[in-house]
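Shared between the two complexes below is subunit A, which has subunit B as its partner in the first and subunit C in the second.
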Partner chain A sequence: MTEQSINETSPEVVEQPEKKEPLGVFFWLCLSWLILVAVGAIFGNLLPIPDPNEMLSMPNEGMSAAHWLGTDALGRDIFSRIVIGSRISLTISIGSMAIGFGVGGTLGMLAAFRRGILDLVATSIAFMFLAFPSIIGVIAVLSFWHPASLGKITLVVGITSIPLVYRVVRAATLATASKEYVTAAKVMGARDRRILFRELLPNVAPTALSFLLFGLATVVVFEGILAFLGLSLPPYLAPSWGNLINESRDAITSTPRNWFLIVFPSLALCLFVLCLNFVGDRLRSYFDVTEVKL
Partner chain B sequence: MSYQNQTSDLLVVENLTTTFNTARGPLPAVGGVSFTLGRNATLGVVGESGSGKTVLSRTIMGLQPRVNVEVGGSVLLDGHQIVGATDDNLREIWGTTVAMIFQDPMTSLNPVTKVGKQIGESLRIRLGMSKAEAKTRAIELLNLVGISSPAERYDAFPTQLSGGMRQRVMIAIALACNPTLLMADEPTTGLDVTIQAQILNLLDGLQAERQMSVMLVTHDLGVVATRTDQIIVMYAGRIVEMGSTRDVFLNHRMPYTRALLESTPRVSNPSHTRLKTIPGRPPNLLKLQQGCAFAPRCSRATEQCSIERPLLQPAAAQGHMFACWNPLDSGSGDIQRSSNVAVSAPTTLSQAVTPQPTTTEIGDDYER
Partner chain C sequence: MRSYVLRRLILLVGIVFVISLGSFFMIHLLPGDLATVILGVANTPENKKILYAQLGLDKGLVQQYLTWISHIIRGDLGHSFVSRESINTLIWHAIPIDIEMIVLSQILAFATAIPLAMRAARKPNGLFDRISNGLSFGLLSVPSFILVVYAVLFVALILKIPNTGPASFTRMPGFGLLFDSPAEYFDTWRLNLLSMVIPTLTGSIGAFVIYFRTLRSDLISNLQEEFITMARSKGLRRRRILWRHAFRPSSVALLSTAGINIGNAIAGGFVTQYLLAIPGLGATLIAAITTQDYILIQGIVFVVATSVVTINFLVDFLTTIIDPRIARD
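Up next, the complex of A and B:
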């Protein structure tokens, strides 16, 4: 065999796609909204907005220049309550997802990679927990664990999310671990840690990320449910989106003209969840190298 | 671990068995296989799907699953005992002594890592190269396996490459640490025929150039016909015939080998010739009969065949063995000899489509 024929030019050259499809205006709009919410949550106290807990005006006042989104039943500014309210919602959702992914994600990857007794025990426990509706567990724990605090709610919701995250990450890891390239890496002499971080993690990450964004949004809604049942932080301590919706429930049933009380907090929550999902989805497909874009 | 004399055989397999413990009983995927492979030699392992070829090659590498599997016998690879070795022991020889090209180039590359990185990875792990060194070497390897503009391809993701290029990348990965033995498990099955020939020629050239041994596992006789020194024919997890490529093709004694050869299309046949097929299916390994596993499908089977399993017995030529009670006459391979053309479609088609500068592989078939 001559050198020439080894280096015969391959006719099957595929041109690399040079440009990626841009992320799109809608993506940037959504991202700006998310950043805006985050800024509001972090720097809410410093912003030149009315005090959210101060009775500043007549109750149930409509939208005006002084109070952009009107005032609630106690004459507090709804706009500033929504801005400050995002703080509680975001803290709980980010915190609990950190717990969920920290414990559930790590366990899920390890269990799927090592299999054996760890997998058996962890999976059994996770599925046992999944058999119960998690909301009942959370309600039960929070009803008895008084008084509610940010840390407690985050912890309880976080622990509840562990089996869910575990299941998703374990499944994704199992699917990846059975791929030939993991065997190939092993035969190249890669050690377990390298296989975990170099081969498995990058392939599990897209699935985990989608689930994370979905989880963040779900917890925001979940906190709303808890607040609706009066199990979240008491509204006089700090408003959350869920609290705001819950508070306005009575106000609008008696006087439907006070629609703005419930519409704006709900809108904030919906928009946030929607943007989170859209941004996540767009990012995932933008950075996806496993699909050929033609 | 004892280290043997360098001049001894590279691979000595003795009575190797791989048994899967399934819910329906033990499944002997490899049922007592013995053979040796010298240095700088090429061995072809052929057989139908499910004949145990892949399990055999994986067991030799120590890659059989860890649960519900029993491995018996002995595999001495360059003096290292593979059977019973732990992953930590095997890691010392993986990559450097033995490397593998996997069957499916679509799933054998990590989709989220640049191909260059994947080649460089083993260089960094096993040879302790720096990042820059590994990159230079990876580009050299890409060039070696015939990928055009290798420096640009270094940054490509697997999905940006075609099947043939991915298989070339797989070969580059396998060659990275200069293995003494290269296992190629159906390296061309997932590729179309013109690319198949290119990949096989590439392997052939690299084998000669690098003085390595190659174990080529395939169900395609055309692949092994001109590229191997020795052939093992497997059926139902056992060797039914083995010997030099020439002996197996021309003087085969086992009816199964004949049947395999006859079911391969040849250009010398007039067009529209109906291919002979082997009637029946490969046996269910869970319910192996006591006699010859091929007996139910064999036209020469007698009563003895279903009672007693034939053992490998030597044929006339040295190193040529077959397991059959009613062997074909020696030299009966004339069905092949009459034609001076190729054995199967891949080789021939490649000849028609991409003219090769070297014609040894086709013109004087089996004469290597």
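Up next, the complex of A and C:
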């Protein structure tokens, strides 16, 4: 049986039909939404939508054929501001996760594979940082590091995510490193590089991927919090989901009939976060990641 | 068991030491110009020199740290650079608000999550389980700052309840007031609890979702264990099996999740405080950040991080009492 499953590559042997339930319609819906938002962010300028920074018409206009989601207090089109606003959220979240996984993920795999002094030191440092609510660190650093820029926010959020990514990737690698096939590879004299990339990485990747999606969602929310504290990009530089919501927060309390100012940006943010969480959660149960607590 | 607790305690002291290093050096290495903030137009090189000498900022970083930490060991967090007030007093004044927010929202979160998770785990994939699981997943994706904004709008525009929105915060009454004027004492409590409605609701939702999901999945896997089959075959009632046999092992996972979550809850509460103008630690911290009051920032960060670590230590300690197997390895 074991010999067969190693040699055979046909899907009947690899797949375990009784365990894998299909990903479901909602999974594909969420994934398409994520792709749609990403496409909108990348090709926003080419789309036939109004300029997000141009004051085109009357302020606080309701929904119409010309302005699908209405216009804001300066007469700018809300729909295109949301579409273009996704750029900030996406850049910050993807950029900071690249830093987090680049440093934390690499260190986590190496530490779990090599163990010894590297593991001891890195793990102790990571756990000490994890005791620290990272958002406070981000707020403190960004408020001293004026003026806010996309690069600074990405860098600071990315660095604070390193300990968490490290812990998750390390735990996932530890769980795989004790498997028989890794020992077998070691015994057969495989080089470290081969074991890391061919044996460990493919098995750590599912955990890392679903954690990556949760991480992206968390950073999108982070950007919103920073915008509320006035630490994200200011609205006159570029619209972001966070500053769109923050901008309309006060306007709404005095004139509730302008509800569309705040409802659509916050809907965009929540829907995006929901889709990221859902895709991550489905992938996690699809790959049956049970030994690693995320 | 005792050596386990002792080991954790030594680790705790070590972590607190590292936190003190972190909160000091992280903030001191940041760029920023304290002199401009405090002196304004009077920021001449001579004045700056005098100010830095007054604040002890002219000495080396290591010496500054040693002065700071030796004061902390004696229980003195120093004086604010900007307002010159004692930081102990500032924190002592703000922290009851944070504690009240955390306690109320955690109670609400546990009181809703535990019964719902028990009910959902009874029939996994049943109608109740699916609905509550789906709803909790939806709530997971609504960040607390958005919840606060909508809660304010809802209460102000639809329910029209006064004393709940921003800038209507009332402190807990002092105990002395009870003897001076009982009526005023209870009225202050009423106003205080009213202004706690939004922070409690919005703070509890995030915690509820995490507790519900953790407890539900843990209960479902525990209910498949052999000791449950054993309890069933003994003919025990379902209610007793759920609470006595399945809940106890599952509460370990719940507790450690709670320990992690409380750290996030403190930080999340900061944003709520900022939005609702509640003068807790969070609002104090954000004010200190905008005035670049180093020593106040590092004092608050130190106190918050130390409390988070201590809470996690207590949670670990509690879990070993519930499940003594943990201390053995």
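Observations on the structure shown:
Basically, the second predicted complex is superposed on the first by the 250 of 294 C-alpha atoms of A that agree within 3 Å, B and C clash if a C-alpha of one lies under 4 Å from a C-alpha of the other, contacts with A are read in each partner's own complex, and residues count from 1 in each chain.
One rule holds in what follows: contacts are C-beta pairs under 8 Å (C-beta built on N, C-alpha and C of every residue); 3 or more make two chains touch, one makes a residue touch a chain.
Since the structure is predicted, the reported quantities are computational estimates derived from the model, not experimental observations.
In the superposed model, A:Arg114 makes contact with neither subunit B nor subunit C. Contacts of A:Asn203 after superposition on the shared chain: subunit B is touched, whereas subunit C is not. Touch criterion met: A:Glu180 reaches subunit B, while subunit C stays clear of it.
When the shared chain is aligned, subunit B comes close enough to touch A:Gly189, but subunit C does not. Judged by the touch definition given at the top, the superposed model places A:Asn277 against subunit C, while subunit B stays out of reach. Residue overlap on subunit A between its contacts with subunit B in one complex and with subunit C in the other: absent. For subunit B in complex with subunit A, the touching residues are 61, 63, 67, 87, 91, 94-96, 99-100, 102-104, 107-113, 118, 121-122, 125-126, 143-148, 152, 156-157, 159-165, 168, 170, 173, 176-177, 195, 198, 201-202, 204-206, 208-209, 354, 356-358. By the touch criterion given at the top, residues 15, 18-19, 22, 26-27, 30-32, 137-138, 140-143, 145-146, 149-150, 152-153, 156-157, 263-264, 266-268, 270-271, 274-275, 285-286, 289-290, 292, 297, 301, 304-305, 308-309, 312 of subunit C touch subunit A in their complex. The part of subunit A that touches subunit C in the complex is made up of residues 127-129, 131-133, 135-137, 139-141, 143-145, 217, 221, 224-225, 228-229, 245, 249, 252-253, 256, 262, 266, 269-271, 273-274, 277-278, 281.
Across the interface of their complex, subunit B is touched by residues 1-2, 4-10, 12-14, 16-17, 115, 179-181, 183-191, 194, 198-199, 202-203, 289-292 of subunit A.
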